[in-house]
Amino acid sequence: MQPIRYGMIGGGQGAFIGGVHRTAAAIAGNWSLVAGAFSSTPEKSRASGAEIGVASDRTYGSWAEMLERESALPADQRIEVVSIVTPNHMHAAPAIAAMEAGFDVIIDKPLAHSLEAAQAIADAATRTGRRIAVTHTYTGYPLVKQARDLVTSGKFGKVRRVAVKYTQDWLSRAADLEGNKQAAWRVDPAQSGDAGAFGDIGTHAANLVEFITGERITSICAELTMLPGRRIDDDGAALFRLSGGGKGTLTASQVCVGDINDLAISVYCDEAGLHWRQEEPNTMRIGYRDKPTEIWHAGANRAYLSPEILAIQRTPSGHPEGYLEAFANIYHAFGAQLRGGAAPASEPGYATMADTLAGMKFIAASLESSRLGAVWVNL
Amino acid sequence: MQPIRYGMIGGGQGAFIGGVHRTAAAIAGNWSLVAGAFSSTPEKSRASGAEIGVASDRTYGSWAEMLERESALPADQRIEVVSIVTPNHMHAAPAIAAMEAGFDVIIDKPLAHSLEAAQAIADAATRTGRRIAVTHTYTGYPLVKQARDLVTSGKFGKVRRVAVKYTQDWLSRAADLEGNKQAAWRVDPAQSGDAGAFGDIGTHAANLVEFITGERITSICAELTMLPGRRIDDDGAALFRLSGGGKGTLTASQVCVGDINDLAISVYCDEAGLHWRQEEPNTMRIGYRDKPTEIWHAGANRAYLSPEILAIQRTPSGHPEGYLEAFANIYHAFGAQLRGGAAPASEPGYATMADTLAGMKFIAASLESSRLGAVWVNL
Amino acid sequence: MQPIRYGMIGGGQGAFIGGVHRTAAAIAGNWSLVAGAFSSTPEKSRASGAEIGVASDRTYGSWAEMLERESALPADQRIEVVSIVTPNHMHAAPAIAAMEAGFDVIIDKPLAHSLEAAQAIADAATRTGRRIAVTHTYTGYPLVKQARDLVTSGKFGKVRRVAVKYTQDWLSRAADLEGNKQAAWRVDPAQSGDAGAFGDIGTHAANLVEFITGERITSICAELTMLPGRRIDDDGAALFRLSGGGKGTLTASQVCVGDINDLAISVYCDEAGLHWRQEEPNTMRIGYRDKPTEIWHAGANRAYLSPEILAIQRTPSGHPEGYLEAFANIYHAFGAQLRGGAAPASEPGYATMADTLAGMKFIAASLESSRLGAVWVNL
Amino acid sequence: MQPIRYGMIGGGQGAFIGGVHRTAAAIAGNWSLVAGAFSSTPEKSRASGAEIGVASDRTYGSWAEMLERESALPADQRIEVVSIVTPNHMHAAPAIAAMEAGFDVIIDKPLAHSLEAAQAIADAATRTGRRIAVTHTYTGYPLVKQARDLVTSGKFGKVRRVAVKYTQDWLSRAADLEGNKQAAWRVDPAQSGDAGAFGDIGTHAANLVEFITGERITSICAELTMLPGRRIDDDGAALFRLSGGGKGTLTASQVCVGDINDLAISVYCDEAGLHWRQEEPNTMRIGYRDKPTEIWHAGANRAYLSPEILAIQRTPSGHPEGYLEAFANIYHAFGAQLRGGAAPASEPGYATMADTLAGMKFIAASLESSRLGAVWVNL
């Protein structure tokens, strides 16, 4: 199979997530980075491109230039997909332009910095018929997919209660906003949207809930807070209700000291409770009433895993996979489908427009709930 | 030191918590069970007394009889303390009568089935000058006391966020209410109060929050639910606010499948996050920004523990203590103080009237909040 | 049931294990301490007895006096059992004398400081027909009994490999021998026997292997070491062979820094591997080829446990039991059998003479193997 | 920096480790696969090359052809390094030929199927002056490097005792040798050498011991076994002695049911004990006498890690890295040094000839020890 030729927007020197996308695509194996507009200034873009190894004649000074000049290349040479890894507020313009220029798009989450911008992207996808994948990384983990299979199959009954948390500590001190490129844009409403922790990581938590349960969060009661002197939330918690009647709690914080990247979820159904934690992603715990608790292990020689889960694992059992491999699974699935492969039976392997719009509504409803004093708001 | 002579009300054949109190008192070493009114009928009381080894002439047919006849014994023979282990709705009458008859009281939590009854007990204590200890077991664990020392010392800064859960699964099925003596009274509003899981175990969770932080829960937004056909809550979650300005989440459930007795708390302060879990009570985890996560171990040769924590441990380091030893710590502390010993510097070693009234208000506010649609209610 | 009246030899002020025996007997519920010769001098014995609450007229100045004067009491008042908690080299004399005086005996492990002394005790038991229980504490844990049930049932096939370790760090520094009563006699060959760590805790490890597998260690290749300046081993490891053909490794050390009381065992059979660790004794892990790893939980509402395991647990599921409860299970089982109850189907509930003599041979063979340069020695 | 151009020998369709090397090189980012002789037949080699995306004119029918034709290309186009991923018995011939043709070599472990073949490779390296890196994967993990830094710095004192195990279960049943390409050659003495589990995974365990301690295993007493009907060991354990005077135990097995890829090591020094386990490679535990146990976390914002450890991590703290990233670290280090970068202060980042020859001696000594009845053999 011919690899997917892609161009990247954003991800220049000093950025973090662009490098993750490139490595993920390399691990996926079915992608090839051939072009890029890596920075907001032509000079920095070219310096970044040279460092990464993209040909200088396909390292562009702006995304507009990239779209225009790539479109002019022969069909078998020009990029097929644009990967967008800019700050949140700079997602919509290049995404819409790329689709209108005939390119498919893979885009870092959250889809945009506002619900309006996200809807505009979704509308453009519908209008142009182009495909979009959003990289909600954590749904790329094999055992998260296995959890979804188990819960949505109904074999454990209905979902009763979900507890999800995503807690970090990298903004736990006032000084953390100084001299930190990631922090700077993430806590600036103009760039990141009005939401801080709830937008940056709360959406991951909400997405994980909806992915595993196959349900939507329908209403939420959230209280967001922040350290003195900050403009957007760095911490908060919420009660929520699910479309299937279950209840849940969600905590998202960047000031919970000692928690590094602690995304953890528990899904309690009528007959079992599932537990998964991102920092140790290769095991999943399932508790029962009448039989011993089970530890499920990722890895290719454990026959109790679903065949489609076994198929996406790259290492033999017991050789841990991590964040980059989860990210690679998203690229691989999108790439395989662009080349005409069928999507997996249960889900496409990446977040869809519907998933990400649900996430945007989660953010908007959380902010509104908190602004009104932590009252219930429907999504 | 002469052991404390005590008489028990409740705890006859088929009951659970009475036996725990008796074993705890035996482990404590400074108590001696010499009398009892173990059941609601004289015959069953006598049968229970014989089985336990209480002299037949001091096994009474009713608690009123016990109070009357023990009062008539010489001062150096009669009971000094009454231990009350009846269902919640039968706490107040014997407790008040015992105090009025001149006995001190140790009483199983929650103090009573209603805030009014609890207040009546507290008023009687004030009126009579008798002492009362309430057995909020989990505060008897050495590492819980150590956590309180660390948090209330202020060395980690202020409390930012607390996450506490107490989840079980023994009522996860409709059939669980049939043929189960513990279940029967716990889910009957007339015996247990209007609260189910929030009264039975949610109070333990709330008490643990207040004990470790040294603060009070000031307002709560709770949503309680129950399985179809049940009359009182078996599951629920809440957001809450602490008197020091911190925020929290609390979950209490008896229908979370696979969770056995999963009381777990995380307390995040400005400079550290503490984590303790009842099912593995001999370790405590503390996370930091700038240094490795620490695992603190209970046990007498670990010099980093507070001297008063080291003093209450019965086994050498690495020989685990459990629930009965935690319970025994409560009896031991109350007994030592009744014999004239000084209370530990930081707390008496058992729940006081103020602590338990706070717990009763927690239950009442949770119920009201949920009844009004999960709105904020002040305690 | 009338409690077993017992008298204690040893366990005076400053001793450790005597208090453990007394608390264990109290938790067991079917024992009553009525006499004692607690120390090597009459004055200290009486002071200890007063502190413990034993009547002064039954607190004796020597064990010989106790045996003589108790024998003279009416049969329904005199002690029935002698509990021996003296240092190892002082086990044999009182044990033999007690049996010859008609008393049954419960004795702290190891049975004696030498194989000869141990054999003399065993011979006396045979000669007198008295019963002896030895308190190999760790076999008192419910999940250890469950492990034995599973392994000896053969449902997992034959035992292939065992890995057992018992590591501590309380002697890790040269200074640890100064001013420490436990340390002093344990590292003195005259009192403790020629073995240090292998005698004190290696025997626990070996006993655990034989208990769970139902096999005997038949030969061993051991290398023992010690810190400079010490006379007996404080550290060592061994390869061993089991009577059923399996192989194993055993490590026992009191100088493994950071390990508190880390007794841990893995038993690999043809179709499953079981893992149990004393510091978290209420869970057991079982791994398989074709299905998820299982975590078995102690506690009374988990129906997959054997009925006889469920029967000995004192707390509801999820309320942890520990070392004292395990110890109490030994006293309870011995007491029940002395009162005429049937022994459990699979094992009596305590270590027998055969078990403990096997342990003595383990020590002797380990010492000889190491002395000869770590060669294989048969037991 | 220009990527290193490399050609691969072995790693065709159906092989496992070749794909791991290719992905590792892709993650490393400083390597480019431009040629290959992927299989033992030209047809299969070409089919594999096409699938992988290597140009057809540089996919060769044999390694000899590759070496010859690549040597004829211009210096700025031809491969610089040969990556050898064939079965063990086919390492020496291509490795020696490659070096003689002027190429550097990176080679999968173990270096060869016999000590003689390994020595021949080492001699060729000396003779030709070419560089060789051997991929002992597990030393590529950041926290393993951190452990080495801590132990070899001497800050914890001398090494007293090491316990290492590497246990798997993929050969636990007789039928596991049928229809399994990896199993087939690994258990055939002609292809894999005389050692089975001890050669395949025992060497990883031994290498890890020597890497972390900075010492050599000087003598060993090993007992190897195998299931009925097998020709080489699938299970075994050993006592060993270290050059610094410490002692150790080592277990290697492919028949320990339930253990997936359980490489785990404990290193006890005078003042601390370190513990690391491959299946959860992003944490390391360190125990002390006088302060709480520490959990060290991999990841770039934990300032207690060594700067050189922080430098090689690809993901932010708490985003787990795994086996492929560890493997990539080896490629990256070798590549960086080939391009003229300095080796890290403490070690080159990959196993050297000295390391691997030590490993070959470990295998030979283990086999001899076991053959003689588990006696001590010097390395």
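Labels A, B, C and D are assigned to the chains in the order they are written; within every chain, residues are numbered from 1.
By definition in this document, a contact is a pair of C-beta atoms (placed from the backbone, for glycine too) under 8 Å apart; a residue touches a chain by one contact, two chains touch by 3 or more.
Fair warning: this is a prediction, and the values are worked out from it, not measured in the lab.
Greatest Cα centroid separation from subunit C: this falls to A. Separation between the centroids of subunit A and subunit B, computed from CA atoms only, is 44 Å.
Between subunit B and subunit D the centroid-to-centroid distance comes to 55 Å (mean Cα coordinates, whole Å). Chain geometry summary: the mean Cα position of subunit B and that of subunit C are 34 Å apart.
In subunit A, the residues that touch at least two other chains are 286, 293, 297, 302. Taken as a contact graph, with one node per protein chain and an edge wherever two chains touch, the assembly is complete, since every chain touches every other chain. Put simply, subunit D touches subunit A in their complex at residues 3, 16, 19-20, 23, 26-27, 29, 53, 168, 170, 259-262, 278-282, 297, 299, 301-302, 314-325. Taken together, the subunit A residues at the contact with subunit C in this complex read 285-286, 290-297, 302-304. Put simply, subunit D touches subunit C in their complex at residues 160-161, 163, 165, 169, 172-173, 221, 223, 225, 235-239, 247-249, 251, 253, 255-259, 268-273, 286-289, 293, 373-376.
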